[in-house]
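Shared chain: chain A. Partners: chain B in the first complex, chain C in the second.
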Partner chain A sequence: MAIRSFLILFILFFFSSLNPILSLYEDQVGLVDWHQQYLGKVKQAVFHTHKTGRKRVVVSTEENVVASLDLGQGEIFWRHVLGSNDVIDGIDIALGKYVITLSSGGSILRAWNLPDGQMVWESSLRGPKHSKSLFLVRTNLKIEKDNIVIIFSNGRLNAVSCMDGEVLWEKDFEGESLKVQQVIQPPGSNLIYVVGFASSSLFEMYQINALNGELLKHESAAFSGGFLGEVSPVFSETVVALDSTGLILLTISFQNGKISFHQMPISNLVKDSFGPAKIIPSSVTGIFAIKMNAVTIVIRVKDESKLEVVEKTNHETSISDALSISEGQQAFALVQHASHEIHLRVKLAHNWDDNLLKESVKMDQHRGLVHKVYINNYIRTDKSYGFRALIVMEDHSLLLLQQGEIVWSREDGLASIIDVTTSELPVERDGVSVAKVEHNLFEWLKGHMLKLKGTLMLASPQDIAAIQSMRLKNSEKSKMTRDHNGFRKLLIVLTRAGKLFALHTGDGHIVWSHLLQSLQKSKVCQHPIGLNLYKWQVPHHHAMDENPSVLVIGKCGPSSDAPGALSFVDTYTGKELSSLSLVHSVAQVIPLPYTDSTEQCLHLLIDADKHAHLYPKTPEAISIFEREFSNIYWYSVEDDNGIIKGHALRGKCTGEVADEVCFDTRELWSIVFPSESEKIIATVTRKLNEVVHTQAKVIADQEVMYKYISRNLLFVATVALKGSVEIGSVTPEESWLVAYLIDTVTGRILHQVTHHGSQGPVHAVFSENWVVYHYFNLKAHRYEMSVIEIYDQSRADNKDVWKLVLGKHNLTSPISLYSRPDVITKSQSYFFTHSVKAIAVTSTTKGITSKQLLIGTIGDQVLALDKRFLDPRRTVNPTQAEKEEGIIPLTDSLPIIPQSYVTHALRVEGLRGIITVPAKLESTTLVFAHGVDLFFTQLAPSRTYDSLTDDFNYALLLITIVALLAAIFVTWTLSERKELQENWR
Partner chain B sequence: MEKGKGIMGSGGRWAVDFSDNSTAPPSRDIPDPPGFTRASVDQDDSTVSRQKKDAESNWKAQKAWEVAQAPFKNLLMMGFMMWMAGNTVHLFSIGITFSALWQPISALQGVGKVFEPYKDNKVDLLGPKLLFIALNLGGLALGVWKLNTLGLLPTHASDWVSSLPPAQEVEYSGGGIPL
Partner chain C sequence: MAAVTPLLLLLLLSSAPSFSSGSRNAYNINGRVKIPQGLGLGTKGYALPGRMSNVKVLLNGGQNITFLRPDGYFSFHNIPAGTHLIEVSAIGYFFSPVRVDVSARNPGKVQAALTENRKGLSELVLEPLREEQYYEIREPFSIMSLLKSPMGLMVGFMLAVAFLMPKLVENMDPEEMRRAQEEMRSQGVPSLSSLLPGGAMN
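This part shows the complex of A and B:
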């Protein structure tokens, strides 16, 4: 013990003399960290392929990204991530040099410079009422050399100048129930048609002069059958709609201001009808498609009213928008999915029977179905038209097809990660060498010569660059086997598309990816949603031959009682071992701290009816579970009612759901927050796998404080109802924030603190015996961070050294939470400059290393802040003993040291989560931050005290050893000789 | 060196015995010089040698006491050094403390050797030895005391609980906001 304390003191002494800031040298960037940029699922794409300049495609995505991509390689030229409340509604290219985006529910219009992505202008559009329908219409109309864009949003039609964003004219559509369906601008005319439905059975048409916004005509006609869903424009003065039953197709023409309806029952077109249909909107002249269940029917409209089925297929079909390739000629693409292939056809709009292009492309099954297709043409060397197609797949990936091949692909599904877990890599065995050694002797020699040059400082700038690239491309770090330090792992990520990826922590490459069967649309599961990832099997000692696996939890549909779906995936191979569609719903998943003989982790799934279901469903698991039956509790947080309830298990299920692995539960306690004054806005618990090294905290003067370490503590933050709105809309007197620490077994509130004049949003992190939370202080007009540390007072009287020496104490014996705890808390608050997107804390294997908070700032960077700055024992003038202990003098705000940004110069756009995983080396923790971008790095909060750093001077060590050896040899021979001479004297 | 000694040693020792036959009557008829009485010389000789021996043992005893008291100076010196070193842990204070611990221990190990030259039948070495041991133990105690003031001795409860793992909880609870 003395040695330990001595060592700790020595280390403290040693490191206190060093600079405490952890920063990176320029040449260390990219050695252990990697950064990947993604976009998200593409919503809209516009090509820009003029003869001059680089060919590019501008895309907007569901992650609210607008980006310009290189059409040749798929690289990002520029990219802007708009906030999550600034959803992009439409994009277009205007004047050949501006990208126009409409966002925020059609209220903000921006123009970006196409070559470099600089914003040119921004204008805000307002309208009389909020409406869902939004349109951005490209026109070729010219008003004094200026192009205009027509925008319909919030019940108002705007014409905006492309040059400077000025609104040229506006026209309100204030009909109470008018739902505008289409805004049509027939090419070559100065007219705009606005068509829509009013009061479910009235068709309205407005004809407007595009040059000045003058209303030319307004017609309406009633159709008794009502309307369903969307309309598809087939000609400039004709649209197609469905009646309210979805069985009759309506061709509505409004030529010359006269509205006429033509009815055509679908059963007349298709012999065997498959129930109600849905229109797939397309902008192709004369052609539209409807979908009935899984059958897609393409219909051609002839002579305004005659309908003709041209194709009926069971395959999943996507139709592109029209592309005008020459005067009066429109081309469009049709993509159909066959099992391993996709068929791409490009046709002319007026000539269905001939294909301009027909290609089949082999497609990886794990990309799922084609969701969207965009086409673009180019002129081949023989002056004929060639076509390239940009397709968006079910897994949100983006591919460019040209001449029957995939030119490039982007895994943009990784921009929307739902959950992350990690898995170990296989153990290295003899004969299993995955990484290639330098096979060329010459290369090997050259590399070592370069390194030697670098060490001896003889390297030229080119050599230094070569050495740097060699360091970065070190094959060691992307090996597919476990390493001694535990730096190489697999990051298993679940994306919103229901695809599972395994990323290698060494360089971030995708090891495997798998589109989960259980999370794909099927007849039983119409709207599957992926929820969570859990470690299912973690082979340890006696199940070493098994591969580790993860459990993916999903459910069918957004409602709380939708049935659940489980998938078990092998993390070495990416194979789906099995998938289950559950009969019950999944409201909670509780990973239990017990494993069976094959190292499968027991999980308890709670359904919406508060029954508990045990997985795996094996007799062994049940017997393990029954042994611990009376000690398992669960709690539910009903944040909309403001109630927290605690439950215990009661016994086997009774009634119709009787099952071996189903258990009834009963309510034990409940905490009801006054609904008129408090609203739950944040709850946080300790991470399940967190390891705590010690229960004691030694403070100055050799005193001991015992940490209150419990897995069953819940931090809850509530705000006053008025304070749950945006910052700035309430006065400090109306708003307060209450923080609670609740024992989730007994429902006891251990601590409660009220921050008057504060409001959310609250971001919190819980670790060991402390919780740190971030909120806004309305009185000070600044963000604040508070820390609460909780200590066990009932253990504080264990002071007899002899009892401790002989082990006669009960400090480590198991405790029950029903024994009354005597806790004290210490807390302190500090100002913090940034608003925060996420907070995490570093975690290490044994929990000895000091901790750092990882704060995802509003600038999408990750800031490492030492926990020592959030120590409630900080005082303005710490005593000598406290200084020795490492207590920092109290300041009113937390420092932001620029060098302690772990993301250094990079940004993790759209940052959503930060995950820390312990490496095997105690000093090191692995950090993975995800948002639209991914970022990974290694952190050593107390420096790498247990290994030599990368920049350790091996040459100096070697030289010293050699010199010492030489000195020993020389002095030995000298002394021998001298002795001999002495003897002869 | 060794070889030279060996040669000398094996070459046979020679010695002159001056006191040989000194008490026996002279073999030759040479009368004793006037004023010389053989008997008194004999007597004197024995008293002288006894006196000599007494002096030597006295000297030895005195020396032994001196040697036994030597650590006292050391002790004072050490105390001064420790006072100089201060109470914070750094290289200097650790060095001093460890030398203060090591010196008495090594001295105690060599108690026999230290008093070897003064071994005599007549000299009572127990007293000096005890003093020597006591003084060295005092030095050791001083070292230990210094170690304690530096905070390197596990005398506090904190030294014994600082690595105790947290107690396990019997109950287990999980849950949260419904998915």
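This part shows the complex of A and C:
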């Protein structure tokens, strides 16, 4: 008896030593997770390079980021991500210490402290009308030590003090049809010119006193030919414009308030001119550029009216803004692209023929063309001017060039990821990659002694630092081969620039990157858009020698009938295997669960005319497809009309398109939501590759419930039309939210629930037999999360083993369109504190491990929430049996435990999506969150029950074993001696 | 900042109607975020990650986002009348979302309440409900934690068997002992239950 109780004590002891909360110690940061910060494509850059202090460049980007970068290394000093509808219109540096940003269509002006990024002031600008034209003009006007900035937005000219953001004066431009084109402030004067077009053929000029906003002069003159597009200022009182045909250049001068036009047909300047031109505005005095088709022409303006072509080139050309380097001298940069190199030239504005600087820089082809260039000067040791150029490339990367070399580069394309997939790494073979073994036994022992010291809390700060660096440097995790646990993979990401990156999950480094040919601007495809990534070839078993590849799907232009484009990319090498320009459009892509003999996955592309196209276009694929012809169903959602339709295949295409792989489709069913009362705001299905381990769930009293597991379940959320607007403008009475569960093969609505007084946005996740969704409850004015679980009632009688074998089964029950599936649903709702940006669920190889919800909160953090908190069987007072089963007592809101933030103290700024990928180890799942930042980590929702953790102390184990062996010998000899003595007695 | 009494921090939450031609009913919401120094447990053990410049204030789930001025004040411009939700995102702190009613009828009056605990606010001063500790704190070394580890238990169990077992054997009746030994011999292969005196007794 004594020993039995001892054993129980032992077991209790053992379990109490396990930590119930799964979380991270601070020294474990960076062991399995990595975090990368990006900015997005740079829209504008302003340098700050004074003699004292650190040299910086302040940038604004298309991801609405304003950031200050170290000019030396390209690191981020500080960064702010503004709201998604708070688009940055302009930035500047004022007073040498503030960064001024104009955003939200010219209505919000903010100043940030340059050294640390603290917001200093914010002011709101309003105007009489909404207009697109926006200008932020830096002036050197000083009013009692204060600088002013001139801002034209929404039809009003504002002068704002840089010190505190106070509006000093404002002047409205009420003219109905007036379109302001430029706001010019001649340097060294107190005048501001506002020029624009009114009623398409009238040129208007306003002269304003910059100190008080007084209107000094207003002139207008008509030009019968009309105007086209933008104007480019060439001198302080002269602008250049194009007439409405785009064939004649107009030099408009408004010196002394007299407006005069001077016409110059482009054909007089350029012999072989073709088609209408477009002005590329530049701020360089006396120089502007026009573009005709692919030809760029740089024109110099001499005096008032003399135009002179100085350069005509077929190469892609970018011109920087003017940089005044000394009194009255302006420099600017020209960048031209030539196959493998870019040519950078810096010239003085008044002296075209000489170059201040001429450099050629080797450029990786996978960066594409130069889109923008910004220059900055420094004084060399020999007192001459040196220039550095910041260039923005087609793939959204940012590079700093100095002295003919790339000083640093940033892959800011990764801030705008469209789609993510994963790929396995190559299998480790002899000579592929050799693991670095520990140098010698002494090193190994020393390492473990350090670890032991660490666990015993005896380590000095230096030791701790040594341990930390030892753990982080672990070369294992960034090896380029597959590992036993499946932690090392390649993340293949497609960015908005049409570039494909492969990131290593170990440390996040870029393995390869490839600018896709199919997603580049070309004659046939003017506005290519990347859409999706799919696994094309996943070799295992018999096609082991092939490299895996991915399929990239894009289309030309935003319209729904734009032709599609496909690319196939090898994921080991990053080579584009082939690319296709499709004749049909791509409305929907259905990856089919069939593969051919080379492990290529079959994909069905549905076009806008509801034809289905099969890829790959091989006879083998067609034969596989025809075998499964009648088993293929899909659905389509038309958000605008509120219709969900189910489709199936009918037969080969008829009519003019005689294509082996084209198939006609037929509509099976449709669900039409009343358009006056309901609007579809969210549709979610299960992940295609999700694995469900068990179909049954044993509940407390030995009862069995069968999960209703179907790949064809669709969750749809609709809201009342009034509730589809933003929070804050509807009352609870006029808004409701309806959640549906729809079978996408039969079109039957299996479940429907209405949440009165609720509204969107709805974020939902579907897994196994449950769906969790997040919405806003207007009555309580809090966010809510609901769970719906769906169970198969037709198998509920199968309670013992015999009935399970012989009883009713999913497969044996007749499937008919007319028989209603016997299902029951359980649901429950809880309050949730935060707004949500994305929800995902952990996924593991076999689906045994319990699940966690990964919630991307509004604060750009990712919270892991155990699915047990969203269990409809939770009650306020669970019975003893239920408690043993692990049911948590019901609370009205979901707990937020800070330790369960998987992003710990980091933010994934601009969070857009969370992706989970199973590792080979059942307990572990890989999580990748992307937005402006990238974050990756490994999660073990039920702790790593199937492997030892990283901090497992092997040395302690060895010591214990040695101690035990020693003890055995000691006790053995002791007992021998005792026995001998007893025998002698 | 700590020296300033809360009374002086009044004012705030003015929703003066501001003229705008675009929308007739546009108001401003002004408020303040106050992070007391050394709230709760103190910040020992991890660096205070949330600086004031990284605090964001979000209206209606990210529809508008604004930042704090050095003194903690923030404002939303051009907000229509209605019931709005303000959230504060600050690394290291947990803020309750705030329900703010901007009424069109009496523009001077604005109501605000924390949604987490339904506490009304007389002024829009947002304070964190608690600090958030993202990391587990390593427990200092203790002999108990060593004993509790699987290895410690192994050693402990062995010691217990080595020293307690002979005691148990000693207390046994010599006759019973002999019987057990005979039984053992007769069986040939000793089984676990016969080896343990407790098991043999059952």
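Basically, the second predicted complex is superposed on the first by the 901 of 985 C-alpha atoms of A that agree within 3 Å, B and C clash if a C-alpha of one lies under 4 Å from a C-alpha of the other, contacts with A are read in each partner's own complex, and residues count from 1 in each chain.
By our rule, a residue touches a chain if its C-beta (ideal position, glycine included) is under 8 Å from a C-beta of that chain, and two chains touch if they have at least 3 such contacts.
Since the model is a prediction, treat every value here as computed from it, not as a measurement.
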Exercise. After superposition on the shared chain, which partner residues are touched by A:N631: those of chain B (first), chain C (second), both, or neither?
Worked result: first
Exercise. Is A:E26 touching the first partner chain B, the second partner chain C, both, or neither of them?
Worked result: second
Exercise. Looking at the overlay, what does A:S675 touch: chain B (first), chain C (second), both, or neither?
Worked result: neither
Exercise. A:V704 contacts which: chain B (first), chain C (second), both, neither?
Worked result: first
For this session: Quick one: classify A:S578 as touching chain B (first), chain C (second), both or neither.
Result: neither
Exercise. First (chain B), second (chain C), both or neither: which does A:V589 touch?
Worked result: first
Seminar exercise, completed: Both partners, chain B and chain C, contact chain A at residues 1-2, 4, 6, 10, 13
For this session: Would you pull the chain A residues touching chain C in the complex into a rising list?
Result: 1-4, 6, 10, 13-14, 16-17, 19, 21, 23-27, 29, 78, 80, 82-86, 107-108, 110, 113, 116-122, 124, 126-130, 455-458, 726-730, 761, 776, 778, 780-783, 833-835, 837, 857-861, 893, 896, 898-899, 901, 904-905, 907, 956-957, 959-960, 963-964, 967, 971
Exercise. In the complex formed with chain A, which residues of chain C make contact?
Worked result: 18-22, 28, 45-46, 49, 52-53, 56, 58-70, 75, 77-80, 82-85, 87, 89-92, 94, 96-97, 99, 115-116, 132-138, 140-141, 146, 148-151, 153-155, 157-160, 162, 164, 168, 196, 198-199
For this session: Note which residues of chain B are touching chain A in the complex, please.
Result: 1, 3, 88-90, 151-179
Seminar exercise, completed: So, in the complex, the side of chain A touching chain B is made of residues 1-2, 4-6, 9-10, 13, 531-532, 553, 555, 560, 586-593, 604, 606, 608, 628, 631-639, 646, 683, 685, 692-696, 698, 702-704, 706-707, 709-712, 744-745, 798-801, 804-805, 811-818, 884, 982-983
